[in-house]
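The next block holds one structure in the form of structure tokens; read it before the comments.
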Amino acid sequence: MKKIVEQNQAGMDESLIDYDVLVIGGGIAGDEAALKLADVGYKILIVEKDLSIGGRMILLSKVFPTLDCSACITTPKVSETARHRNISIFTKTEVKSITRRQDNFFDITILKRTRYVLETLCTGCKECEDVCPILIPDEYQYNQVARKAVFIPFSIAQPRIANIDIDNCILCGLCEKKCPSDAIDFTLVDTYEHLVVKSVVLATGFRLFNPTVLSRYGYGRYKNVMTAMEMERQLAPTRPYNSVLRPKDGKMPDNIAYLLCVGSRDQTVGNPICSQICCMYSTKQAQLLLGALPMADVTVYYLHVRAFGKGFCEFYNQALSMGVNYIKAKVASVREKENGNLILRYEDFSTGQVEEQEHDLVVLATGILANAEIESVFKGEKLELDPYEFVRQKDMLTNPAITSISGVFAAGTVTGPMDIPDTILSAGAAAAEATAYLKKLS
Amino acid sequence: MESSSAKLKVLVFSTDKISDPAIDLAGLLKKHYPAGVYTISVPCSSAIKPRWIIHALQRGFDGVFIAADGTDCPYGELCVPNTANLVAATQIKMEKLGIAPQRLKMAAICSICAEPFVRYMNSFLHDLDTI
Amino acid sequence: MGTTKTTKILRETRKPPEKALENRKLFTERQKLITNSLANGLQSIPDIAKESGLEPEVVTYVMMSMRKYGEVTEIGPDEMNEYFLYQLKPKNP
Amino acid sequence: MNSINPKLACDLKKFGTFDFSSCYNCGQCTAVCSITGPDASFPRMFIRYGMLGLTEEIISSKDIWLCYACGDCSETCPRQASPGDLMAALRRFSMAKYEPTGLSAMIYKSNWFSLVFTLALAVFLGFFLLTIKPDIPVSRWLFNFVPFQIIHDLGMIAFIFMGITAFTGLINMYRKINRKEKIKLRLKNTLLTVKQVIAEVFSMKRYRSCDDDKFSYWQSKNLLVKPWFLHFSIMLGFLGLLTATVLDFILKDPALKTWWPSRILGTVSGLFLIYGTIITLIYRIGKVTPAYSQTRMADWLFLIFLLLAGITGFWLELAVFTDAASTLNNLVLLVHTVLSMELVVLFAFSKFGHAFYRPLALFFHFYKNLEK
Amino acid sequence: MKKRIGVYVCHCGGNISDVVNVSEVVTAVKDMEGVAIAKNTLFACSDAAQNEIVNDITSLHLDALVIASCSPKLHLHTFRAVAERAGLNSYNYVQVNIREQCSWAHSYEKVSATGKAIQLVKSGIERVIFSRAMEPFSIPAEQSVMVLGAGIGGMRSAISLANVGLQVYLLEREFFIGGRTAQWGDLSAAYENGPEVVSRLFKQIREHANIHLFIGAELISQSGNIGSFEVKVKIKPRRISGDCDESGFNQAISICPVEVPDDFNFGLTSRKAIYQHYPSEYPAIPAIDDANCNFCGACESLCKSIDLNQKEEILNLKVGNIIVNTGFDPYEPTRGEFGYNEIERVLTLPQFKRLVDISGAGKLNFKGKQIHTITYIFCVGSRQGEEGENQYCSRYCCTTALNTAIIVKRKFADITNIHCTRGIRTYGKQELIYEESSRQGDIFLEFSFENMPVVEERNGKVFVRIKDILTANREMEAETDLVVLITGMVPRRNNNIAQMLKIPTGRDHFFNEIHAKLRPVETVIDGVLIAGTCQGPKNIMETLNSSMAAAAKSAASLSSGTIHLEPIVADVNTDQCTGCGICLTVCPFDAIVTAGPEDKPAVSIVISRCKGCGMCLPVCPEDAIELYGFTNEEMEGMIDGLTSY
């Protein structure tokens, strides 16, 4: 589909340009930045590593502090992005290198990994999925339930196109036989492409902390210790189970504990900064749990409740008035009982003494870590990172969107932890700055 | 448990920019009000025609409530007197038709007056119940 | 493409991964155990675990996957309101 | 009402704890500690006392002595506030407070002082020892300058002074702690508690529980390299050697027959002592866990003294079979005796002080439990 | 009359379907007259559902569309776009709100809620039957934007707008630019400094030919629409024209007999009626403050550029968009709140910041006494509980307070900081500032809302008493040399912009955006955008982000050169109109004019002026005026739908 551009051509030849802006990452930050730039009239390419755009947000249940359903906010934005005439999207595609040319444009190499499905033909009918005999853990449900080897990641995925997980495929050929539109083609291969763009917006988002590092909490060993993202899926409309259930034995939990600051504000795991969202998403999940399981008790073990944003304090008060129990303590360890219940050990601040408390489900509010892979993509120029590997904002107090590389801008959590409204604002800022850069360039 | 007021039907005229957001907010905050309350949103409370109100009352609504913009109205200060005038004019018409004028009520609802809205609804339904 | 089956072409150069084959076998076995157990009527996850000898967390994972693909359906909570009861869904003709 | 005294925190730093102010009060250290429970709670509350300057709370506390410095708290501390260091510093601080001369405080606060003091004491003790063996040439030369009797009496006075100091320290500690714990001694309970204390001192069951904690660095390690065993070795070695020496002294016929029980005891104890100190020194040099990463001058001197005392002891052991009366052997004997005596003398002022402060704290701890 | 209506009832992934029996709603309406198809859908707003609707419209030839889902404020435009894509006029679409106004509001009454949803959907169907196709009006968009407030947010918006080629009118009410940041001194652990940041931004402003900066300027009136707002701006006389040498000004300042508390330093120092805040401030010439000047004329004789007779100016501007970036006020504690205004050693954070900034390094002195111990009380004026005025968290204060504590300790000798907090909220990377302040030995105490600290003065000494949560609720007391109240942000007190531009405020009384995630810088008034701290507490970086986002939004909306306006305007039925002219008296926009031949007088609507408020509707004695989208047929149809069984 794309023309291949000769690498070593110099001079400001606009005809060489494939896109004005390359947006790396199709999460909510990338989408917002792309939309704002496309509205001004620039041609945008979004490159997304995953199978769907919408990032983390599209997988959330509801959002704080309004309890709007996350899908209701994400999906329109995602479909607006997908449908915008100035925006192209490559999913399952990675940016492999970015090199500045003499004319200040960027040479980009991308790797388009094949889905073994012809994107133009697939209608998303899911018939292939029905016949596939393979069942393996579904990463979009955080492994709480299985998916097929040929699958559509989730019902509101954009694009809603099947994908074959070749590492788990036994090449039985049933899907190919079944596909009504002959969209499946196992002869497809990954391809490298070269493009030229004028500017780059980094919106690669964040990683979640892996709590197996903190063995004291038993994540991985004790099945009823789960992460908040797993709980997020359980609370979402497209949830893995029929209700909120304990992963160990399918019991409806009635005494749930949230442990905050797991992997955040913790020098022992090398992440001393606060993840900024865990307090509030836990407060949100606590409220949703009380809605889903009216008989349940929810206890949040916190250090400081960081309810700082617009409406957050009120939202926290609302949780308190709904009966969510907040205990100021950092849980030191979790121990499993025979029946799968968990004993938490912590210091009770009102007495200064050690307490133990039993819960039947423990949710770890894992923090945000930097996604530093993008650094290595830049050739010839150094993308500076901060000590925690987030992209360094070169001039945070007068221009938060610029990075150490001219023409490369940062949107969203690539520069540090942020909630959704802040992410969207920072994406707007990146769009404003990219627009200014492009105007100056022409 | 259910009082007779729970079966009453009330039509609320709200305004797109001011009072309707407040009523949305009431839902968002899960501040419950009786399910017999129905809302029709208009651009400005001073745009409500008396014939619509009377139509509603004649078609079976027990009361009509105008959630007015008050001084917050984006269309200017004329909104307040105009809305007051139309309410007065409608109440005269209602009396002529033998409808109790108390069945029409007006109050200013600001864009965040979720709680006052719920209070107004409860008291209005209570009042209607006693008519 | 139509009649040429591309699967065959790929099979010439690529062998199905051992892991995938093993995984399929294991999953099918477990699925069978759960199906057998559910054939006795309504059951909760611990019931099935006891009867099938599988770990309860394995039952949760496998049965919820079966539920996802329409083989199992939940009926409602048990008397204690602790566990959901599940049953096999009648197969579509 | 308690008044905040920000000065204390600065003072505590001099006792060897530097990071505790970075604590953000999560309380994880308290809950991670396997010794804490309803009857003893630390270290977080002590960080508070340290920060806020509540000196009385610290010196009237038995709890700081219950800690065996396993280092779990420091290792897991999310702010790297090294609560374990603080506990150790608070013990030094308390010892300095109990001990009436002020020497402890100076030893702990100043490395140079502790070095100079230890050396000066060694010289003094050397002279004193020479008075016991007045016939060797050095002694004779010395007594030309200073009358024998003066040195001898001064030595005795020094020993008595040390004894009184140590005893006063204990009494002070008892009074301070009892102001808070308010126990009334009854004979039966006292005896029962003493039994418990002795059992604990020898078994150090509580210390073992630190190592065996599920999340401890040591949990999967061999018993022989666990801190508990090292501590046990050193303690056993020291006590054994002390007993052996005393026995030898009583028997008035030192070191002639290897099969004598006192000799066997000495040999075994010495081996334990050397093993314990060497491994501990290796741990401290390698800083294997946070608990081993903060070593004060006093700690180094103490360990080195123990090791040297052990090694010189064996030298003498061997010397018995060879040329027992050589000058070199005499010199080694002198060094050995000086070191040993120094260790005993410094009891009241050095890290070794915990050997009698801790049992007293344990006494309170067990007595309280018994009363309940 | 529409005959082929498509009806879609959304589950909203449980938000609706957990309460309302969605399939029952579908069953109840599917056989209504005019309904061609009725279905339910998990997420009507998802791409798949949108495509399905588009397919239905084209394949079933639907002529109208009803979607029952969330509030139209959220997705009216989304679904209008869906209709448009399928070739259906977007005004033949009605959105029925069965979430905010049904399932959420009646979540305990599932049966009644389902009943209500059915009536609401029926009412929507009755309305859409009478809907008519309309096209939005297109008007040319002015390629200019007015930015209100030249603090860093406003300056940042202006630069971003000018960078994309728009003309910018940047208005500052004060005589000096820079806003709060200029007052702030050291920022973020002393790597940056407020005035320095301001001058960096100002340098960019000066380089831009597109930015027209007006100082001492106030918006006095506004009319018009997005794309072409007509605004009147008053420029207050600075009473200084041209330049004068520094010594002349200095003499003028020293001779001025009027001395008032300097509000730039929050009353810590005083200034004259002719004044300047700091030397490098822009403009680098003083101003005369009318409110305090007694016009004695003493200064005029010393400096030729002082002109006490200078008059105010009025400017008329036409702009396509307005960005409001008017900032915040620091919370002013009430008298006696933690000893404020009663004990002289109690200061607010802004006062303290000024004190730190204007004190030379070395020793910190206040009122003739060297300061060693400083006690900070956090959350003053913020998080005031359920009943309090300010329930919100002011977001920036924890970090700023701790940062100041670090600077104080660095700058002055022998300082102890004691922080009485309600739980430190240094979110994100700001946590590092908290850690640094801990490491330097700052003491932290924590109190609860129920047990506020008490500030007392005894024998000339100041004490703070607090029940400390971190020490098992023990009562603690600290003797202190200075108490600093960490005051939060409140909306600007004398801000008439809200009334003039009709920007609604939220529960916290800050300006309210339409939707924090979907449209975070837009207000309900099209073309009026908000950014920075007038919208709610923010730190500098967040202020800049929102200011740039507002600029991006503005640029996107004006870039095409045309603005599309809602075609909802009034329409006169000339047959019925008698030309009585009553409607002319109520129209706030002069959009109704008399027209028609003399024998049959009538009125007509000037469409470009009509804003579609409908005020003329009820006053017409002949019922001759209708509003598109709200015609009698539609309104009465809706009422019928609500009451039908």
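Some notes on this structure:
We call the chains A, B, C, D and E, going by the order they appear; numbering starts again at 1 in every chain.
Just so it is clear, a contact is a pair of C-beta atoms (placed from the backbone, for glycine too) under 8 Å apart; a residue touches a chain by one contact, two chains touch by 3 or more.
Everything quoted here is computed from the prediction, not taken from an experiment.
Central chain (C-alpha centroid nearest the global protein C-alpha centroid): A. Should one ask which of A-D and D-E has more C-beta pairs in contact, the pair is A-D.
Taking each chain's centre as the mean of its C-alpha atoms, chain B lies 83 Å from chain D. We define each chain's centre as the mean of its Cα atoms; on that basis chain A and chain C are separated by 29 Å.
Counting only residues that touch two or more partner chains, chain B has 28. Touching of two or more other chains is recorded for residues 66, 265, 272, 303, 349, 352 of chain A. Chain C contributes residues 1-2, 5-11, 14, 16-17, 19-21, 23-24, 27, 44-46, 49, 56-57, 59-65, 67-69, 74, 77, 81-84 to its touches with chain A in the complex.
Across the complex, chain D meets chain E through its residues 1-4, 6, 9-10, 19, 21-25, 45, 48-49, 51-52, 79.
For chain A in complex with chain C, the touching residues are 130, 133-137, 144-146, 149, 166-173, 176-177, 182, 184-187, 223, 240-243, 245-252, 295, 340. Residues 24-32, 36-38, 41, 44-45, 75-80, 214-215 of chain D are the ones that touch chain A when the two sit in their complex. Of all the residues in chain A, the ones that touch chain E in their complex are 36, 39-41, 63, 66, 68-69, 71-73, 75-80, 82-83, 124, 155-156, 158, 160, 236-238, 265, 272-276, 303-314, 317, 321, 328, 349-352, 386, 388, 390, 393, 396-401, 416-418, 420-422, 424-429, 431-433, 435-436, 439-440.
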